[in-house]
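In the part that follows, the structures are each spelled out as structure tokens.
Each of the next two complexes has chain A plus one other chain: chain B in the first, chain C in the second.
This part shows the complex of A and B:
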């Protein structure tokens, strides 16, 4: 009975945190900026003929909207750090895990919305819509946790940007391997996301879809663990 | 003079301390590599994968990369400004002999200098000099270098904190996206994209007849943008 009530309370805290995070992101103009960027992408994509449109859309989603989390996370965390909000927050019943998931899921909502607009309105990834959504959600969660991990130790915005530039470079470099060893290179998260986005559902066997998703889920937990450890080290036990 | 000298020295110290500044100063090397190896590789890749020849777009890709460095310098210095404003540093400097305008001048001059050196080298290394004479190349480099203070002032004028700064910096990409249609389509409707100051510079490089006209126009557009942003920045700061 107590466990059930604890789980209910924990979920309710997470939902409340997420609502505040989304509201804050709307207020700070994240949604407005992505509405503008997506509108421009849509205009350009409409002018690209098929089948190039599908590939260009896939690369746009891969390189921009599916990694929104890593771009915006640093500013969110740094502002909270500067306002000394985090120390106050963690003396309340809010747990570190809930804080991290709330940040990652809230930015994943924005990633899904922006990706759906540019993938479905010009129709580039429409035949492939379920795997596109899954790929974006998983990719966004992974990169958001990486962003959280980097932001925990960052002292300034430029510090964070340098961290994500280096981190992003290391995480995206294995994409080159995808064109030479497509199957073997799927062990890297970016390659699994690319595999899901670049192939239509008909050409990608279900086993490969499951394999890709499983690989990214494992990476999400590694990134979550990294973010958790970094927050414990640099924020909570500082 | 001595006070400026001291602030420039402290700026050089800042470069040693700030990893992002070091990375952004290394960016020119990355661009040079992109121009030398990346663009021919991409032309070849698209030709094999999609059976499409995109060689005629190569000069555009080169030009597209050029404003990224000044924008990056402006963004990095803009984030330093936001960090310093959030931390109250500018208020302290405002009551020193340097003053607020002196502080802002140094923050703007340094990225202009870096950009100018980068732009001139880039024009000659990338081969874009075939479209311009020496005087035009220097003038264009100088005008494009003012993109840096433009970005810095834009961040200072519109962002009230780091989070808004990151959201705004994301929208800078829109200025670059607005260059794409001009290279693909034709017609007077393309003047809608003249809202992007870089559009004028693109026309100055590639227009077969009115290069000087567009260069002159770009100087005016850049001057007006900087003046308006400076006024807004001052109002906001006061």
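This part shows the complex of A and C:
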């Protein structure tokens, strides 16, 4: 058995994992599914006149594409569990944090792609596009980590669906408060995301954009900690 | 290479310990076999040794360094092949190897050469989902060794392999040992354990009642006798003689001089016999 020299690793493990996760999602048909869903949304939106089209687009992005992470994460992790991949990965130089970030970022790319198509092809959220994309990216990261946390203990798709129904209900319920106490309720992540998306056709004060983003970033790290703890408990230390 | 002293591990504080103060050492370039029934604690021991489970009591040292304090570079030097092949089914054999290869910065075996060696070269671009269990086991094996680990963990490496491929992998395991790799082998397969291992340990209910070389165990627990099968008047008969004084045993000498001998075997115990004798349990 002869050897070759692998003297320099040109890309980090995290980037390698992210690229692989995107390819995995493509091969498992995630991109095809979302291309079809996005096409359907676009057709519907083209049939809605302005200014209603902008509001409907914002609600579509808020309720669907910005939370792709929680919807698809179960399938992603369960497929890896089914293929017995998780333990193999964690006895290589891959660390749990890299694994979790790779999953969250790769699904966020899908969320951004789908959101961009829905928001900009029919033109509903064409103005103020940076706010929309930032809101989708942050929301997707947050919900992806929540999805990762739930998927860690799930043994079947039914387990996962039960988990995200409960989790989704708890996380989305505070949205009701947004319509009564818009500023106070921004402490909840879904409300901060809604504030960024629902105002994307007008200009939000920069301080409020920064406040919303900061709140979601804090929630992202809380969700990351939750996912990390759940994986340690249910996958690694099992 | 590995020094384990009074290793105690409990998954939940309310439960009984899974590993009960076990101690053993594994030398450099040794194949150390771990034998025991399901649920005995073999996988838990492997998880502690691979740094996955860190909340243990006692001491587990690898080259003098406590495993619970290891950094990520530790994983550059270990390879693990689990009992069930862990592979991305929608990806090809080559893509699976390339992914794992990219995690390591150390010197590695030539991937193409490994694929040729285990007979998977022609299938390198086929998706793993169409592979048989034997093909997956071979791919799983080369994925575990391709980064030239100094410590290799193998769990039932020949499970599901035909005799030819089983021989191939066993030869590769011996080659790795001869080139300096330390191998921790978990198996139910007595033939593999007997053939490959320099020493074996029996694990029962989280304890290690026996650690010794297969040769010593067979001598210690075997009968010191020889069984002769011979043909007499077209009938096959069998007779057993004590080894002590065999050269002067008149009955034995008469038998081999006056009959057509078919076989002569010493009656050392098999590893499975010894396991059952020592532990009172079967391996399966």
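Rule of thumb we're sticking to: the second predicted complex is superposed on the first by the 223 of 238 C-alpha atoms of A that agree within 3 Å, B and C clash if a C-alpha of one lies under 4 Å from a C-alpha of the other, contacts with A are read in each partner's own complex, and residues count from 1 in each chain.
By our rule, a residue touches a chain if its C-beta (ideal position, glycine included) is under 8 Å from a C-beta of that chain, and two chains touch if they have at least 3 such contacts.
Since the structure is predicted, the reported quantities are computational estimates derived from the model, not experimental observations.
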Quiz item: Touch check for A:55: first (chain B), second (chain C), both, or neither?
Solution: first
Should A:237 be classified as contacting the first partner (chain B), the second (chain C), both, or neither?
second
Looking at A:28 after the superposition, I want to know if it touches chain B, chain C, both of them or none. Which is it: first, second, both, neither? both
Item to complete: Check the residue A:47 against both partner chains and state whether it touches chain B (first), chain C (second), both, or neither.
Response: first
Touched partner set for A:76, first chain B, second chain C, both or neither: first
Q) Is A:134 touching the first partner chain B, the second partner chain C, both, or neither of them? A) neither
* For A:156, is the partner it touches chain B (first), chain C (second), both, or none of the two (neither)? -> first
Chain A positions within both the chain B interface and the chain C interface are 24, 28
Residue positions on chain C within touch of chain A in the complex are 11, 50-53, 55, 72-73, 75-76, 78, 80, 82, 84-91, 99-110, 113-114, 117, 148, 153, 175
As the complex stands, chain A meets chain B at residues 24, 28-30, 32-34, 36-37, 40-41, 43-44, 47, 51-52, 55, 71-72, 74-76, 78-79, 82, 156-159, 161-163, 165-166
In the complex, the residues of chain B that touch chain A are 18-23, 49-50, 52, 76, 79-80, 82-83, 86, 161-168, 170-171, 173-174, 177-178, 180-181, 184-185
The residues of chain A that touch chain C in their complex are 1-6, 8-9, 11, 13, 16, 20, 23-24, 27-28, 83-85, 87-88, 90-95, 236-237
